[in-house]
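What follows is a group of structures, each given as structure tokens.
You will see subunit A twice below: alongside subunit B first, and alongside subunit C after that.
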Partner chain A sequence: MATVTPEGGTAVPALSLQEITRRFGALTAVDAVTLDIAEGEFFTIVGPSGSGKSTLVRLLAGLEVPTAGTLLLRGEDITRQPANQRPTAMVFQSLALFDHRSVGQNIEFAMKMKGVAPPARRERALELLSLLRLPRDYYDRAVTQCSGGERQRVAMARALASDPEILFFDEPLSALDYRLRKTLEVELKELHQRTGKTFIYITHSLEEAMVMSDRIAIMQDGRFVQVGTPQDIYQRPRNRFVAGFMGEVNILEIRGRGESARFAGLDLPAPEVAGAYAVLRPEALQAGDGGSVRFDADIVQRLMLGSRTQYHLRVGDLALIAEIGAGVGNLMEPGQRTRFSFDPDDIAWVAE
Partner chain B sequence: MIRDRHVRYLKAVWIGTIILLLYIPIVSVVLVSLANTRYMRFPHRVWSLDAYREAVDSFTTWSIHLVSLQMALCVVIMAVVLGTLGAMAFARYDWHGRSVFQRLIVLPIFFPQPVLGLALLLSFSALGITPGWKTAVIAHAVWIVPIVTLVISIRLFGYDVAQEEAAFDLGASRWQVAREVTFPALWPGIFSGALFAFLLSWSNLPLSIFTSGADTPLPVWLFSRTATNYSPLVPAVAVIGTVISALLVILLLVLRRLFRRA
Partner chain C sequence: MRTRPGPWLAAPTALFLLAFFAMPLLIVSWYSLMPPRTFSMLGAPTLANYAAAFSDGYEKPLLWSMLGATLTTLICALMAWPTAKILHAHAGRAASIITALIALPIFISESVRLFGFSMFLLPRGGILAGSLNAWFDIQIGSILNTRLAALLGMIYVYFPFMLFPLLLGVSLIPEDRLEAARDLGAGRWALFREIELPLAAPGLMIGALLTFVLCLGANAEAAILGGRAVTVISAAIEQRFSYAQDWPMGAALTVIVILVTAAVVWPVLRRVDLNRIIQR
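Right after this comes the complex of A and B.
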């Protein structure tokens, strides 16, 4: 199971999924997923609810048994090994903290199960508290008295305390408010760098995945639609589903497949794929004549987003979204008819 | 300001009245037990502890308390075991027929107890079982197990099942999960359920009167001696019975306190 590393050497993947399948009656939640995850990688699986991503991570953690397929951890078959024997740990969506125990007891749980002596447990728990930037005196605090962000950190410390080879995260930030989520995303990334462990993260937010991940898999109906680096997925989405997942993008159905496509009465370069849609990111549209494809648009709406300004445009019967960085040019007013342009290179062509 | 004072005054009167109404019966039982007459009359001409002396010396006092105690303990054990399992089925697992089960289990609570007692007596004799304290235990269980099931279920409804998976994921065996996570989370429910079971069994008359046969638990003895052959011995025994159950409850609460600190 050797793969070529970017440095040109070979390495056994931390986790290797081979045709992993899970069926519930007639429903196939996870459909023959094959994937290698490298040692120390931050790998994120993104998908809408019902895409099978939670089932997949439960299979990886050993909380579910696959209907078919093989799972290798550093080359060793662990397909039938239950969760309590796997050297992995999970941070649950609900966090699943033990509410009747203190912060310290929560963190020490895995060590207690292993039979580690109390003084050593305590020492390690205090270390983890400082790794997660929680004050030492939280050791004796009841978890029910901790704030949302603190509970989050306790859950991560508890998972790390079992000294796992791989950490799983099942949408742990989804219940938090926007600001705290942003802070914790950065902290998680730092934690990944400091611990050097393999992180496998589940989320429904591609934005969240982009911030943290080395690689991202987009999941739909139990399968991976696309696996790649954040840049790959951002710049070259494989299909409309992936493109649509990135939030607000312009997806243009192009008539005249194969031939030179037309857009708002303008000639576009011929699509690279048949039955094509042109995916155009809002920031690829610029005010003025800078790009080679130029058109006049009516500004319908202006939204101030802080670092950038979003304009909703109308070109004939076509609705477009453009985003211009704050401080670039002057603010344009709704109702104004303005010249916009873009570069054909910024188009990502996708089939269905 | 004046209105405030009136409101406060009315509140105090209201609370005082309720407390008085709640405690008058208990106080009056204590008072009549201190008389030496066969008639409940007040004020007493002679104050006397004779009834208590008689109660302590009498074999009957000990035997009715023992009968009630062993019944209550049996009911507690049955109610806790069946109630915990029932609560799991009631609130923890999703299974086919759960909603029917949820309705059936609470049905006995709404049954009038004397009717339930009579029905059970008829069933026992139809089955050829001689009524005694054991049949009374079963009768109590029919009524008390559903209550305890509900009490423990309340704990389970506010319980995140993912905690068990988390413990399992962190290396606990199935047994350790039950001991370290499920049981501690359920413990407050089990504790109050057991307390309920004990007190409800200890004080039950309508079920016991039909189903206890030749054995006489405390409430049945109190009832029959009040109806016929009353003497101050009756309230004296009643006071002793109340004190015993109160002491047991206090003891349990103190034990729990100590247990929690440790």
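Right after this comes the complex of A and C.
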């Protein structure tokens, strides 16, 4: 199965999922997922807990066997190949570091399994330590003496040491505090660029996915709801679930199907889909008459978010959230009745 | 002024251990230095008993005991490993029943169990030989009153002492470490050597210690199942104290067994972090 590359040539996908299904009794955790992941791509699968994303990545790593479907690695069928024979490596959510071994021994594990001689192993381990920005003398350190961020890097070095064709990440950053997570997100993206390997990343945070990914798949109930670039997903969510997954957005339910829809006194342009929801990002709302849809709103609450200010608005029965960049206009006070507006082009129409 | 209550609360236990644990040890040690075949504790200390222990043929029962303990420990470990892995992997109702079946005999007197085992092995009219003869017309001999029977008896009696600590040890192996090792290319054997064995080692070592130490002192298996095929050290000691009325010699043999036990137990206990096991 060939896909067209941006350069116009054709290439065999790094990983090709064809109708991959995994059932546990009556539960279908992964439901006929079909997908091609290109060589060198940073692909992220996002979904809430129970969406089947962890099962999916375990299927890809060979830790689970699919009930049905085919998995091709560069065109070669690996569906039944056990994990220890697959040229892939995974960074686990728990990291699963070998606490009874040193940092160096952890990193060298895959090479030891392949029968690489100790001096060559050591050399490569030291190389990986510096790639992951860990001091060389960490080689002999006990894993248990490393901090959370350091353990994270050891886990990544260990996975990279086997020189895998594909690296899987199963929510490795979810247990870290916000600042460290942000730092490691950037480092991970850099690592991806430096190694040029195919990364497949699992997370429940769309925000995290946006930062790092070339493409994102949104998963719900074992299926992909939408697959696209971060831009696509952000601007054109396919349905209400995807829109809602992006955090705080305004989702307006449009009941009328006329020439133009009216909602809570607002004139909206005609919906592009029937029975639609209008998704309006908080930053699409602006104070003043700048947009063509204008309305007056009561400011209920003001939250300072640092780089921007969030206003909770009320227009009749309708609650809206607006976010305005810090330093844009003056701060508005709660209780104030203020004119807001937005551009109809900023609406993303989604069906249920 | 308030005094610290710690020493006072510890005092009863400390006194008890002093009177019933330390004192007998001291008495036995002292007796082992008394002249042979005396009952007085006031004789001139001598190493004659220890010299006799290694010249009068006592090394043989000691070696039998150590060999028996070592073999039993090894065989029990080999059998307990897969058992523990299976019981841990299939934890649930069936596993609980099997665990209970293995544990229950511990509550029955050891002699009763061993006599039962001996009836099973009895030639001709015994349960095994008799059944085979009656149902299938197969005649077999019997291993009763051989060293093999004594060894089987020890394995039978001490298996739970290996299994249960090992079950605890196996439960110390986190599933994700096994998956990570497999993901990094570890096959079955590498998984065992690199991950399972080191992580379950505390449980394995405790089980091995219990089995080894209990076997070293075991007497009933050799007596009931082994017949006169083998004399173990505890039988030799008992004989010195009772039949031979040579207390200093019995005491010297006892001290030697204690030293051998300590030489095995001490290095292992130093390496095992009991707190880590208990906290899990």
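Heads up, the rule we're going with is that the second predicted complex is superposed on the first by the 349 of 352 C-alpha atoms of A that agree within 3 Å, B and C clash if a C-alpha of one lies under 4 Å from a C-alpha of the other, contacts with A are read in each partner's own complex, and residues count from 1 in each chain.
The rule we apply is simple: a residue touches a chain if its C-beta (ideal position, glycine included) is under 8 Å from a C-beta of that chain, and two chains touch if they have at least 3 such contacts.
No experiment lies behind these values; they were computed from the predicted model shown.
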Query = Here subunit A is shared; do subunit B and subunit C fit on it together or clash?
reply = clash
Message = After the superposition on A, what does A:A326 contact: first (subunit B), second (subunit C), both or neither?
response = neither
Query = Once the shared chain is lined up, is A:V300 touching subunit B (first), subunit C (second), both, or neither of them?
reply = neither
Message = Applying the document's definition of touch, where does A:M113 land relative to subunit B and subunit C: first, second, both, or neither?
response = both
Query = For A:A68, is the partner it touches subunit B (first), subunit C (second), both, or none of the two (neither)?
reply = neither
Request  = Return first, second, both or neither, reflecting whether A:A351 touches subunit B, subunit C, both chains, or no partner chain.
outcome  = neither
Request  = Once the two structures are superposed, pull the subunit A residues common to the subunit B and subunit C interfaces.
outcome  = 61-63, 82-85, 88-90, 92, 94, 96-98, 100, 109-110, 113-114, 158-159, 162
Query = Once bound in the complex, which stretches of subunit C touch subunit A?
reply = 174, 176-177, 179-187, 190, 194-195, 198-199
Ask   = Hey, which residues of subunit B end up touching subunit A in the complex?
value = 160, 162-163, 165-173, 176, 180-181, 184-185
Key: In the complex, subunit A residues that touch subunit C   = 61-63, 82-86, 88-90, 92, 94, 96-98, 100, 109-110, 112-114, 158-159, 162
Note = subunit A residues touching subunit B in their complex are 61-63, 82-85, 88-90, 92-94, 96-101, 109-110, 113-114, 158-159, 162
